[in-house]
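Next come two complexes built around chain A: one with chain B, the other with chain C.
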Partner chain A sequence: MPNSNPEPGRLFPAVPLAAAAAALAAAGLILDVYWLRILTGAFLFATVAQSINIIVGFTGYPAFGQVVFFGLGAYAVAIATADLSTPLIAAAVLAVAVGALFALVCGPPLFRLRGHYFAIGTLGLNEATKAIAANWTRLTGGGAGISLPLPTGSVAANGRVFFYAFLVLMLAATAAVWRLGRNRFGYACRAIRADEDGAEASGINPLFYKTAAWTLSAVFAALAGGFYAAWQNYVDPSTVFDMDIAVKGFVIFLLGGPGTVFGPVIAALALELVSTAVWGNLLTFHLGAMGLLIMLTVLYLPQGFPGLARRVRPALSRAGA
Partner chain B sequence: MTALLLSLERLGAGYGAGHKALQVVWDVDLGLHAGEWVALVGASGAGKSALVRTIAGLNRPFSGAVRFSGRDLASVPAHARVRLGLAAVLEGRRLFTGMSVRENLLLGAYGATSPEAAERLAQVETLFPLLAARRDQIAGTLSGGEQQMCAIGRALMAEPRLLVIDELSLGLAPAVVDKLLDALIAIREAGTALLVIDQDAGIALSGADRAYVMRTGRVVLDGIADDVLGDPHLQREYIGL
Partner chain C sequence: MLIVQALINGLLLGGLYACVAIGFSLIWGVMNLINLAHGSFVLLGAYVTVTLNERFGIDPFLALPVVAGTLFLIGLLLQRYLLNRVIGGSVFSSLIFTFGLNMLVINLLLLAFTADVRGITVPYARVSWHIAGVFVPMTRAAVFAVAVALTAGLALFVNRSRLGAAIKATSFDVDAARLVGIDVDRIYAITFAIGAGLAGAAGALIAAVLAFSPVLGDAYTLKAFVVVVLGGLGSIPGALAAGLVLGVAENFASVLIDPGYRDAVGFALLLIVLVVSRRGFYGKRFYAELKS
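After this line comes the complex of A and B, so read on.
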């Protein structure tokens, strides 16, 4: 089947990537607790952005409410570890199962919608789920949230554990996106994004592939949420179903370039470092700045950083010549 | 008389559903035999594209039935119809514009194994040598005629028994249309039945065995292609020749 000339990420550039991953892994040994936390946050949002990339960038369905899976994963881990004393690994498996099942069940009705309607539908799904989490007190503790059992090690040691956990998760999500740029499944998704009627008339079952892509994206968002719950030791509805998470994930996804493989990772690291440096002083305007960034990105950088690079490089070589 | 490959039985078609439904086709009866070339002509707004979308399974019939090889397709979704041997080139060609020509073609054989797809790709590239020359070009950058070749090629990749082509000549130069018609002759000689839809009766009927003429959602005339083309009533009133 189609396997030559995939549009995103041609050959997996193994050497520079291994070097980058090794550098990040080594950073985990050297950095102090503060910087560990910043980078862990960047890995978290890179994972959320890759999750968005799978359904929005590759499949063309603007799932704005993707944070619903983050929240479900967070609650799955919180309930499993706090109430049922399940080990973290088993709780993570539960988070995957809950996120995937939710996408499988909600996908078929939601995918009857297209474009803006679908986007609003996913927003509604998140708000509804948040409301259920806030009111199903017996299961979720309601608005009071759930405190997870505190880890036993030192702050620095725990910070390191989660640094590596999120690093591995981000790399796994990126590897999944890379595969999607080359395999049959990814081709079907991109055909649907390009022309859904054309894809269906070519024998591709849109509902199947849309639901499958959403389920795959849900798994990574749910794991990110699950790890987040264990990392922060606390979940409540307004924190883990917070639209800010989805919005920030979207900003990173757009900056990174829709349908690219490494863009979201680079954008997450860049945005997290910039926001640490600058926006720490702009707490009140944080969301406003985020909105401005989305508008500027869509208007001037519709292909994200990679598009900018494609435009700047010829200009630079012209200037140099 | 052999059994019909495609039959439309008092078919009503249109867009949307429920209170927003808009019916544009009424009571169409149409039959097409295996290996036959049938033309469907009519002015813009006659309901041709709604009919094609209903045959392809993208729109639901408002009434009546679409049968393929005797089987009622009511419960067969569009993607599964391709596997039964019914492939359609939709109005506007609907290529995956960001992908290469080759990727577009290979996606047309999505249900096939890699060796099958490679074999069909070779056949399609023999039929349209231009597509072989342009195989790595992004489909959206092709000329209109090349895009139509790519769309027809993509549909052929499914090895259909019936190929439905909506708006074959729309926006294309006469020389390009002649090339496409030559390709259709070759496709039909290879055993694939054709249902060719066009506004231009001269184009749609050249090469066709039989023809149907639609006006404002109904079939108003049908018969042997040459008889239809020679019908003075039709020339004056429906086609404007």
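After this line comes the complex of A and C, so read on.
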């Protein structure tokens, strides 16, 4: 775990951020369906990366199987809208409830584990949940999955709706990370990351804060999964509980610089644009290329883009002087 | 009788699971590295075996040493030039790195061999014994015997040889090992190579009796997880016992509940052991862990 704390920043850099958010919002009005889809995917993964940022960046617990909440949220929305014909907003509330409840229940036993054991514990949780989703056919449709009711509007209009939905979700997750960087809750989590026993000795209840942070991170992952289900109109166990989603989130989290507020957003946009540009030409091998990219990231950019900037900037100024 | 047959099938399969897991356990126990690419090494071994068999007609059991040697070399090079830069970093940087390696190997296998299910039919595949109404195919029994022999061989090597003692010392305390003159980088390279070689050997055994495809890599990694956690990290007898338990539990679940729950049983066991004891059957806990 790199030691850089989440950088709170004295002031919320309101003007450039508002400009960036406005630019993204305006982009939603002019882009065609293809680019809307790519950016929507980037917002989705930025949200997953921020969810990972909350639990891993703040408490230091390597919640490797974080995709379990994504899958649960996706199934909550799928079951609610397809079988119970609930409106989407209510289904999203259900996704939040399911994700949060699951984290609250599984947190206390799993947080007895540390390090690698916690990582595999969360991985096992995801695999077990995936197996249940694949076999509890009456509720989940089993391996065949669930098709959601098709939306009524045009393809472009629906693309826009989900573009804005994911944009708002990503901004909300980013705002949560920013808040955590400055409030007592976030400080408690970082104290746990630095030294759990020390934190406990100074009056912080580690289990409470770890579980609370996991629940918060679960809410965003579950919402991302829920929106995903509505966006794609289809869920099945191997797609929504796919570890590739968690690992892609982790890579974005790493590239963005662990513990930064806006890094994951920038990294998600960069990764989606690069993957669109490069991997369109590598149809049969794009997952292999992704694997290679993951390895190179860990080897050469362990601190993400901010770490690269820290290394490059002094070199440039030396060269200029 | 169905139950007895399920028990025997489970035990025979369990020996193979133990063999898949011991290399994974060794690497994790000594280097504190969870190698998520372990299953892809197993499959790489299976595909080398199938290629040797189809091109040159080599029997999978005879191919085993060649396959293990090939994977040993690959493991040695990987550790020397790439993995040693990741070890000692954070838990998730090594997890993510080996996950990426896994994706790369699996997709290379998909490119080279496609996703078709493959397997080898040995000439003696139909030889089998009927003992008191229980059906025991000879190939499966042979695979079981080789798997147990490899497991015992590893235990002997670690406990009796000088190099094994150095590996054990490194796993106890890296700094103390350095102080007494052990070249830790070399030990790590050898440990990773042995782990990869054992994965290759397990792959050759799988090729002899089971059907396989590149997409099964993760399933084998996850089985290795379950076995290691059940048996206790770093314990070789524990891995054997846990492998047998997992094989039997899977077969019982598939006979008594539903074939769909085969894989879920392993994870249920895993979560229970992690949460209740986190020591496993032979939890001596001497191998590293619990430092995060």
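The working rule: the second predicted complex is superposed on the first by the 306 of 321 C-alpha atoms of A that agree within 3 Å, B and C clash if a C-alpha of one lies under 4 Å from a C-alpha of the other, contacts with A are read in each partner's own complex, and residues count from 1 in each chain.
One rule holds for everything that comes next: contacts are C-beta pairs under 8 Å (C-beta built on N, C-alpha and C of every residue); 3 or more make two chains touch, one makes a residue touch a chain.
What you are looking at is a predicted structure, and each value in this text was computed from that prediction instead of being measured.
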Once the structures are superposed on A, label A:190 by its partner contacts, choosing first (chain B), second (chain C), both or neither. first
Determine, under the contact definition given at the top, whether A:310 touches first (chain B), second (chain C), both, or neither. neither
After superposition on the shared chain, which partner residues are touched by A:200: those of chain B (first), chain C (second), both, or neither? first
Comparing the two partners chain B and chain C, which touches a greater set of residues in chain A: C
Can you pull the chain A residues that chain B and chain C both touch? 1-2
In the complex, go through chain C and note every residue touching chain A. 28, 32, 34, 82, 85-86, 89-97, 99-108, 110-111, 218, 222, 225, 229, 258, 260-261, 263-264, 267-268, 270-271, 274-275, 278, 289-292
Which of the residues in chain A end up touching chain B in this complex? 1-2, 4-5, 7, 184, 187-188, 190-191, 194-195, 197-206
Show which residues of chain B lie in contact with chain A when the two form their complex. 56-58, 77-80, 82-83, 87-90, 94-100, 102-103, 106-111, 114, 117, 136, 154-155, 157-158
Chain C partner contacts - residues on chain A that touch it in the complex: 1-2, 56, 60, 62, 64, 109-110, 112-121, 123-125, 127-128, 131-132, 134-135, 142, 243-244, 247, 250-251, 254, 284-285, 287-288, 290-295, 297-299, 302
